[in-house]
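Once you've had a glance at the structure underneath, I'll fire off some questions.
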Amino acid sequence: MSPTVEMRAKETGRIEAFSDGVFAFAITLLVLYLKDPALSGGGSLLQGLVSQWPTFFAFVTSFMTILIMWVGHHEMFTYIVRADRQFMFLNGFLLFFVTLTPFTTSLVADHITSSDSGTAAVVYSGSFLLLATAWNLIWRYASGPHRLIAEHITAAQVKAFTRNFYVGPVFYTVALLVALVSGIASVVLILGVAVFYAVGTRSPR
Amino acid sequence: MSPTVEMRAKETGRIEAFSDGVFAFAITLLVLYLKDPALSGGGSLLQGLVSQWPTFFAFVTSFMTILIMWVGHHEMFTYIVRADRQFMFLNGFLLFFVTLTPFTTSLVADHITSSDSGTAAVVYSGSFLLLATAWNLIWRYASGPHRLIAEHITAAQVKAFTRNFYVGPVFYTVALLVALVSGIASVVLILGVAVFYAVGTRSPR
Amino acid sequence: MSPTVEMRAKETGRIEAFSDGVFAFAITLLVLYLKDPALSGGGSLLQGLVSQWPTFFAFVTSFMTILIMWVGHHEMFTYIVRADRQFMFLNGFLLFFVTLTPFTTSLVADHITSSDSGTAAVVYSGSFLLLATAWNLIWRYASGPHRLIAEHITAAQVKAFTRNFYVGPVFYTVALLVALVSGIASVVLILGVAVFYAVGTRSPR
Amino acid sequence: MSPTVEMRAKETGRIEAFSDGVFAFAITLLVLYLKDPALSGGGSLLQGLVSQWPTFFAFVTSFMTILIMWVGHHEMFTYIVRADRQFMFLNGFLLFFVTLTPFTTSLVADHITSSDSGTAAVVYSGSFLLLATAWNLIWRYASGPHRLIAEHITAAQVKAFTRNFYVGPVFYTVALLVALVSGIASVVLILGVAVFYAVGTRSPR
């Protein structure tokens, strides 16, 4: 192993470690919004849990979405071998929306069955749309000519990987438009995208 | 060290780092459910702490259970040297139930002495049963012929390690059935399994 | 790779890992202070979110500030290759103010439009001033003659990097003085510093 | 670098990563117990913050104590190069008391000026006494003949390092006894121990 490879590994290593921390922490914080139903009074524990279905629904959707984001982040860093300051701030922009997720999830959980369901779903899908936009910015920057990706990556590989990033903005824009009509349909769509990625895709290598 | 070994180490390295993050946060988040008893009024601090025994009992049980899960995860990755997308999602499925643990623990803590004790223990043991099932799915996938484990691992070693994964589903199924009769007996059983693993077993190597 | 390089990498590696953990958790914990506005009653969800602008404003300011701090920490460790106990405690002093940030942010979020706006902004900017002071202490210690930085770093490089650390104390002192007159102007200034760093600077290498 | 060294590094690497996560998370969670004083009504923000001094006092004491524990953990792993299952569970026993710290800190913060001050300080110092005991168990196990420490470590080095572990149990026992008389004196003593370690000691290497 040459010192150069070693240095580069260290260079991106801490960015991955910090990002892993934020992803892992955001995905685990989601659980804090699951509340013991008995604490809000009335009925048996079972009835309370059943009546909390919107919270579990939002929890599962956000968990799956952050998980596919993390998998994508992991895959992107199999291409990227260098980092600079701009890249770190673009990555920070992406992580900003990851840390927002527990909050937007709680809005969906609390309002999905109320008249504010649309507003909650607009904020939720809009936040994911901005997250998907951040993905495109970061990858466009990193994959620019001779910038941050490994020398041995071919133009065809870059092109194939770039195509992945078009899916997110399209689906989250649709989800945002659907939210104007039906909040719950919008969240179901977002869950569908995550399930599709998790179950329906195969590893590129 | 060949570049291949290095690449593989990086490949599984981030999965381990992300999982370590989730395990570490989930195990530390448990403490948030320990509340200052004086805040809910009445009696001395000592009386308050003593009357909170179900919370400490649930806390210790969940801490021990997540700890043995983490040790198992660590040991599994001494065999696994490659990763693909399916594997990452199966691992995510496992982590889902790990992040759920602080919530299911709070249900046990709040209800173990009430008439809802059974429901709380069913959710608690049921969540661990699904976690144990996830373990079996992930290991079955990884140890499939020429898939993700190291070349030098023999079939006998795989078989021996596979046997470990049968214990969880059996015990958590029993705990689930016991929960229908007595919530507290079910949690004691789950604690017993964790203590047995922590104190009674020796490292395989 | 010589064993010496390897050992040194390990020596600073865990300090970086622990610091990454603290930075990542502190930046993610900020989200807990974003509250569902409907829970505090009255009006639509949209009105509630809009009226919460001070919270989002404080959230973005603190997120950006912790992010530039983390980027600086990352860059500092491209120079530092050794560690001793004093260094670890100085680093701990720095992390102390990082962990304080979610609390000082909540003070700004809650009080920026009230008559206590000045007090909140003094605590907020004062905490960042102490953080910037900790940066100077840690770098002065580490870059002392033949102490913790790599042999191949020239005196000119050290001098250039040292200059970065003068900016923080100056701006946060100004922000502290401004806070005595206007709380909100002080926080705007702090946000401005972070945005300047994130958008206006280029990587030194 | 021989494959053996590499494997060993991996072997203890994940234990360190998981422990770093728990230490970093526990130290950051402390901040959640700092509350905006205005939310509990009455007076200016400044008066509220000043009247909260017991919370800040407990916060600083726990931060410093977890920090010195982490530094000690870091130093211990410069000796330890192997791990087995028993070691992982002993380490888990140690981490158990680390995760308890935010809770015991909140007891001190809430009660140090009340008549329950003694009980709070007994729980606080008792928890650190058990933590210090866990340190001794783990080091005694690891440094046993030809067990987990590096071959090149001499008996004299082991002996010198072992002496460090006697300090904790002695001081925390004294703090526990003092707590029976004065809660606040007990916490001051614990803070003193942490400050002494952080300021007064020099790195052994």
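Letters A, B, C and D mark the chains in the order given here, with residues in each chain numbered from 1 onward.
The rule is short, and it goes like this: a residue touches a chain if its C-beta (ideal position, glycine included) is under 8 Å from a C-beta of that chain, and two chains touch if they have at least 3 such contacts.
Everything quoted here is computed from the prediction, not taken from an experiment.
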Contact distance in steps, from subunit A to subunit C: 1
C-alpha-based rotation, subunit C on subunit D, 0 to 180 degrees, nearest 5: 90
Label of the chain whose CA centroid is most distant from the centroid of subunit A: D
Equivalent interface positions on subunit B and subunit D, same or different at half: different
Distance between the centres, which are taken as Cα means, of subunit B and subunit A, whole angstrom: 25
Between subunit D and subunit A, distance of the C-alpha-averaged centres to the nearest whole Å: 35
Shared interface positions of subunit D, touching two or more other chains: 1, 17, 21, 25, 29, 32
Residue ranges of subunit D in contact with subunit C within the complex: 1, 5, 9, 16-17, 20-21, 23-25, 27-32, 34, 36, 38-39, 44-46, 49, 63-64, 67, 70-71, 74-75, 77-78, 198-199, 201-205
Interfacial residue positions of subunit A with respect to subunit C in the complex: 1, 3, 6, 10-11, 14-15, 17-18, 21-22, 25-26, 29, 32, 84-86, 88-89, 92, 95-96, 99-100, 102-103, 106-107, 110-111, 116, 119-120, 123
